[in-house]
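The chains carry the letters A, B, C and D, assigned in the order they are written, with residues numbered from 1 in each.
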């Protein structure tokens, strides 16, 4: 049993962490912070958690975070980089669900996030928390950068192909689609149901922060330069990401299905479906799973991978719990034995 | 550990039962039947259950149901009344999630369901499985009639008022709204997303089968004749029921909040919210909870109750599991410790 | 051909007015104002209007509104009451789509809208713009208060019953449901798709501004005191209102269908469906129609009326255009010959 | 004023044709056929058309189609090929909204549609009704094959690039997304709101009939072989198609925006948005427009085109009306002056 703190408990990654942690057998939630809502009962703020948690939000100062074994940052970008150092020095392990430690290339980070990084040394020390790539490093990490939602779906879909060196790494295409919860819980006009309901659109076609994250981390993982055209779209639904990935095969006659199954045979949260299976986002709703389907349609030399995750679970809070489980040496699936809610 | 069988595993109540039972600590799923899909892997049919269950659908004949401790019928109306007797004689307990045993008044049943009842004696023996009303009888029942989804939401919302005798029982109004999964998984034109998406409507205004079910069971519960105008509506969403209930108060100065809180203080799956709280269907999504809010707006002598449930859980499979827990003497919440999926 | 101005062109009522007016044969749009977006092309702001309109937003000061024949206020509550007087003095007719002139009872208005009214004399002069009630007064009005969306749906559904004196006017119930566009286009957390998608809830159960509007205007129309329990709900869709109305009949044996058909025989925008017909919001999407269905289910003495409108058309901009047509003596349907978009 | 007949008036393309034709100044609707619903009032079947049309469905035999000037087939694939010849011989012009005459290569057609073609000679004579490519041939055509919905969106997005010869025609990718109305109005399990609501998925990844249609017609249009990876997806909404198109540029320094604007300068129903504009499906809802946006993100040598249409209008019934207008020498926009319904 460890004590964990959550910095930033009013957004969707925060509430999803709470949904998972209230039932986690090894965890006591010691504090949940919110500057704006300090004093409010967590379950009053998130009525879906009524009966699950008795805490009220506290300010970060009053939260006693330094006494925790682990602190999750479920905050906007730019928060953890200012607050993580003190916790790490106090011996607390940290998982940041925002983007502060995801990119090693600070120049790229600063360009995309529009801030000067406050803790460059921590960037160096942080481990990118994608267990399917960095499990060993996560196990001993003090600071984990939890991956973005799109990068999780895209990276898991492309990894087997790139590791095997069977596709042109310089001409990858990721056509990705997300439910609106990926954009967070801030007041917004663009994300009103009246604006994005019963409609579909691409956005950030000219450039999105998750593109450099995917490229850098794939390059680290497989050792080759990555060229990726990345186009995100907004789906009129709440949860779920689907990534359709296109790559040019450099070999023919490959058994792509076998390649994927072999790569993920021992992964508890990656499920490779039979060739040609449809892959619905609802089939992972509420779970920490990434489900994949791979195909070379009509033998045309282009491989198509479909990858689905729940953006708030494997794309955020669930992956953070998975990372915690690895960091503390527990069964990786502790607290993550969840069946998908379908329909 | 008991052995359970599920008759009819391809519909939504069947798949929801599976979602709950695969993680139930006291249950081994011995067989799941489907005449049309016998031989197909259950998880191939319901991809959301991949990795959760290894069985294939069997025919009822091959299922060995007589060797089970409990059999759930997740079948269309008119099936269980033909098959339950043999199982009961073999010592198997039965929970019917369809309507075959919900009404004691056979004439009414036959008018609404358009069939002659095949097992009138079992109707007499069956217990209406609403634990908040019939917990003791359920504990010793051999045959439980699991309530309909609307009746669950409406009955729980009206019970405290009727039991206390503070409203006019002859002039109740239930304006109820359901997501489309309540209508099942059969091919249909009316339930296509293209037909009922981005639209809202009432249906069956002239009469709906759940109206006599509510009236009969409320009459049994509180001992007075019930007059109920019941109008169901279809909401463009998948899961969830909201019932807005209107009744004329026959007393003034009542503490309605206290009345409701007292009635449900010891109920594990009924949650009375603070006066005037908004009650969203998503706050119970995936859970066995009924959340209620009660108010007398502007002191006008009309009490308004809002009641929300997940139609597939407290309105079907979850309540069936709750009934099973009671029948076998387990903690009533076994296998039902579920947090709502919100957002 | 008249010149019209629109004050406040960035919200949904403003854009819907534009959608209707760009094709209106008798109207030239002279100016569309927006303080915040002055200088921006109207069609750049509303891409759905590309190719339909060449104007840019102007400030109210630069708009030359005093030279218009008619000015529509599609502004927040509290704007028109400050600006209408000057226009009226300049001989401009005014239609306010907000609530400033909807209630004669200033005390009630001030309580619900939380402001001191700036133009009490104009309130007296204003005509409530529900053509089905006030057509003659509208024809000669200088200032029209365009009704709220809920009041339009509810009033049209109740009028025939109240005018005929066949129901208990003191015990009316309106269970109303609206798509989210009714709440406008302001940044908001509660109206995010991630908050209100795939969910359903009642809101403002304790009291909603449209309740006194309905009561006052019905009282004026039929001359009796109105007692109305009014509960609004939010539907996870963009457009559409459905009102389910419940009233206690004081006579038996009435031909309700004939009553409704007679009342609305000559109304171009009210359509009474055959008894018992389902009434979907999509059947009026994009149109100025109110479709109604009336029934006394099972002869129980309670009449149930379903009323559907498009909240942005008959509930706002379309009704405003209808009022304009009446004010200028044109065919009432000019510019409103629209087929519903279904599916 | 011409007389038109519609064969097959109960599906979505039929009802959408009716929505457009009831207001078309040059058209009298002489007959609407339906074998299954002969005798039913068209507006009783499609309540959204109440007040717009007085006809009842007739059988094809009783419809007097040979006396029409033009007959639309809004029927399943395989109907028009059996019935068009007799009408053409009688001097009636024909527009088939199904796929019977879309492919010149009969072998390919028969493989994808699983039937032997009944009228190969008519295939030869038919004109593919994409006005932006074949306007002159359409003007004199007796038989027009109205394009599929996906082919319309994809072809209009790729044409400028292929005509200019600036991309690799052998490595095109079309990641396309459609609302569910594209799949028609037949009873279905897969298209229930409960199945495809609040979820997103790819389908027919291994092959879809619209892929050969796009390839053949693009090859005819631009004279080069086309290699296209085509992956359709289902969006939880009713109307709208978005196509994200990816092609490898073979030149650098191109002004893609100018290329697209020049290509479509005189097209009444193609709108090229400013570089980098988001393109929402709702911005064309209910209209005959195709809106396009083109960009080379980050100068990476891959051009990305977004193309949106309303699948039932420019993707079906609207394009059919546009073709009719061309065939009869009317202004091409007659009956198609429609503003998008947004929100």
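Methods note: a residue touches a chain if its C-beta (ideal position, glycine included) is under 8 Å from a C-beta of that chain, and two chains touch if they have at least 3 such contacts.
Which chain is which protein? Per UniProt: A, B, C, D = N-acetyl-gamma-glutamyl-phosphate reductase.
Small disclaimer: the values here were computed from a predicted structure and weren't measured.
Asks: Under the touch criterion given at the top, what is the topological distance in steps from chain B to chain C?
Replies: Graph distance in the chain contact network comes out at 1.
Asks: C-D or A-D: which has the larger count of contacting C-beta pairs?
Replies: Higher contact count goes to A-D.
Asks: What's the farthest chain from chain B if centres are computed as the mean of the Cα atoms?
Replies: It is D whose centre lies farthest from that of chain B.
Asks: So how far apart, in whole Å, are chain C and chain D when each is placed at the average of its C-alpha atoms?
Replies: Distance between chain centres: 36 Å.
Asks: Round to the nearest whole Å and give the separation of the Cα centres of chain A and chain C.
Replies: 45
Asks: Just the number, please: Cα centre separation of chain A and chain D in whole Å.
Replies: Each chain's C-alpha centroid was found; their separation is 39 Å.
Asks: Show the residues in chain C shared as contacts by 2 or more other chains, in ascending order.
Replies: 12, 179, 181, 185, 194-195, 197-198, 236-239, 280, 282, 285, 342-343
Asks: Note which residues of chain B are touching chain C in the complex, please.
Replies: 171, 173, 175, 177, 179, 194-195, 197-203, 205-207, 227, 229-231, 233, 235-240, 242, 244, 246, 248, 276, 278-282, 285, 293, 295, 297-298, 300, 302, 304, 306, 308, 342-343
Asks: Spell out the part of chain C that touches chain D in their complex, as residue ranges.
Replies: Residues of chain C touching chain D: 12, 15, 19, 22-23, 46-52, 181, 185, 197-198, 238-239, 271, 273, 277, 280, 282-286, 291, 312, 337, 339-343.
Asks: Where on chain C is chain A touching in the complex?
Replies: Within the complex, chain C contacts chain A at residues 12, 179-181, 183, 185-189, 191-198, 236-238.
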